[in-house]
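Should a chain be cited, it is by its letter among A, B, C and D, assigned in written order, with residues numbered from 1 in that chain.
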């Protein structure tokens, strides 16, 4: 395991410290460093709060800033933050209109955010939206729901813009829930990852193998397959997505190719070219695109493809200004 | 120190030591069907509780148990924090509600049900509930502590045959079969440690 | 070698195609795809052109856009583009004020850009600036000069802003040359890279080794060392830089931690925290920061640290608006 | 077809084939002290020239050589493109300048000097110049073609002992010692192939 770190115990704290120092124009630490929050809050706006385990950087701290999140809580690696952190974020950012908590669909995350709401709900207007875009985990049909993965970025961007425009809490929740039904992601890994605390690989792949359907916690996916050409891999990912999502005539899509941490930009762009070709062949028009390393699984080599079907209003919210460390446009 | 305070301090220490010894093993179990951190999570929780050990053990027993649960919730994160936290918080609250004469097995039942609600989970989902329910059953029929511990161990091992329906392992579907659930394993380890300690220090 | 690609022959073209499609708001292909250029040129402005081998993405194509480059030429992997490509870029972007070519200091790049200037110099006002920020290659003192690495981004950003303000060709060249003397970079690699054409690793490292002083072409560095804690590695990099650069009282620094392709954001931020601590201890104030994967060496795990000492004017040019795929601020 | 046209077409083909055969070896040499692409670069150049073979070989000999050089420059990139390109462009130009009676060894000398200027390099810098200069010397004293080829091979091998002062290998400093320079090697391979072809088709 070769990682740029000092000790496994201090790794997350040192990395978040570097993040905050590098982006001090956007963010500051909350009290006791329990969360990272916007430097300037907008009074009377619903606060948008997210969080999750570390190991997915730049998500979520990289999405804190004007037009997106108000605060993010970072847990230990692959471990949901505690209610104590979430309550701190609520207390620092609620300026009167309440807080919407954006939670990725994992039992651990759900339970911690729910406990925070139970503990702080008497003093704040709070609600929660659960993102569950990972198609692979919907297959067995047990109704456990999907994991929340890269699609979370899209939900946070669009809700962030809506909150900035003054949308109240209940409407934001509704917007987010509608959106969540129209976002699908699926991932592929070329290697497992090493969790620094244990110095062990979560799974290991041979030189000609890949793991299909992985999430962002180093968990194995649904099938190990022989490694293949990009068009074959991306074709499989895209077709799985398209088969699972209800494409209406007039639909506009956002295509997001996301690197899992160890895959360089050139390969992501090649995968994007492939995905775009395949999806356009199915007569789904790609109106917006995002390519980059935004939602990671430590240093995993691999990528995920996300397709979101958006309304005109949602496209406008996607286009609205954002000023965060990871996403920025005027 | 009162007997109860000694008992709480002793239990905190015996749990901490058990988890410390088995943390690597629990991580290995979690690596197989989860994200490899269950041992680390449990150790962090036990250390946080230990650090507060003195102030906690000076509280009345129900308050001490509730406080330990809250400390777990506020320090562990992940799934284990809210689950073990809820278990202890509810045990503490039920004990307080029922006063001196509380029937522990009824108290435990209330708390386990709260854990199941918290996790939206049931017996057979391949989680720590698959140890908690059998432990409750054994206590309800007043089995000796040694039997309770053995039942916990056996129940944990039985999770290997189950298909996970909750927690990260559930995402693996059938691939989760054949592995012992880490939460079930930590629960059995703690049950055994507690039973042994009680057997030695508080013979029934 | 597991890479997202179809064939080694088509890899670069497919990746650049994906890039252009993903960022069509900023860029278009030049004729015959010989270069990637801004969608909207500013008439009467000096055109800033750069280019180099592929394998360094998002450099340089990711820097094409308002406030930075007018065009970039992409060669084969680790191979300078040809004069034919460079001339095409010149012809597409010269709106009358001439072109400044930003070249990284490699014999191959130099020769190809020089030949382009010889071949097109009669029809266009052309000049060239050579970036050579890599400290490791200055050590042997043979006067070969240094390689151009991550510092190229800083030169291109600052010259781009100056060109946008209407600075004429000769002054731009002078600005760039002055700047180049005040930028130093040094890199470290945790693995070698595989060039897809040959399917061989350029060098291979044991599980406890790292290579110090690497460039961005998979070349070995100046020494193989046992892998160490981040503070030790980053400390060595920073001290080497500080020992080589003339820090004046009142100096303002830009600190840039750059990922080489396979290193995730979390580790880069940790390295940044470490570098910032070490450099501030030497009483060099860090006024600006950049952390991310901008100048890569295929999928190399590793990073480089760049320190640039800037004047007030250069800081203002750094802060000036930029709208490219890789760097964007208002 | 005229004899000269046949000659040009034959030389193009023999160079292409030699490089195709040795491309992997040249990449391996370049991997050791450069960036591993010299074989790929040379092959791309030779294929581009081959593709234009017919139109090129219909030109007068000096123009054909210059055109080949230009094709290399416009298609190869890297260091090899401008270097081999300059060599052939200058040979073509000098041949044209000096007309029918041109002394090839003088022409070659002019062209090699142009290559050295292009690369800001000298004999002993561990580059293809360390083959070109000895080849010129052998031609100047009218050595038989077989000897010229052998001298080229020996000179390429001798670059192993040199410390690189130019090109990517120069960044390695002393670590470049002990490896044959890829450009010198391709130059010797091409010299040998050309000498053999001329020996067979145009006995002196």
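Throughout what follows, a contact is a pair of C-beta atoms (placed from the backbone, for glycine too) under 8 Å apart; a residue touches a chain by one contact, two chains touch by 3 or more.
Please read these numbers as outputs of a predicted model, since none were measured by experiment.
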Distance from the mean Cα position of chain C to that of chain B, given in whole angstrom: 55
Between chain D and chain B, distance of the C-alpha-averaged centres to the nearest whole Å: 77
Whole-Å gap separating chain C and chain D, where each centre is the average of the chain's CA atoms: 32
Rounded Å distance, chain A centre to chain C centre (Cα mean): 29
Graph class of chain-chain contacts, one of line, ring, star, complete, other: line
Chains grouped in pairs wherever the two touch, ordered by label: A-B, A-C, C-D
In the complex with chain C, residue positions of chain A that touch it: 2-7, 11-12, 14-19, 21-23, 54-55, 57-58, 62, 190-191, 207-208, 210, 227, 229-231, 233-234, 261-274, 276, 289-291, 293, 296, 298-299, 301, 303, 323, 328-330
Chain A residues touching chain B - in the complex, by the definition given at the top: 53, 75-84, 106-108, 111-112, 114-115, 136-137, 139-140, 142, 144, 147, 195, 197-198, 200, 202, 215, 217-220, 222
Residues on chain B engaged by chain A in the complex (per definition of touch): 24, 27-28, 31, 34-37, 39-41, 44, 73-83, 85-86, 118-120, 165-168, 170-173, 175
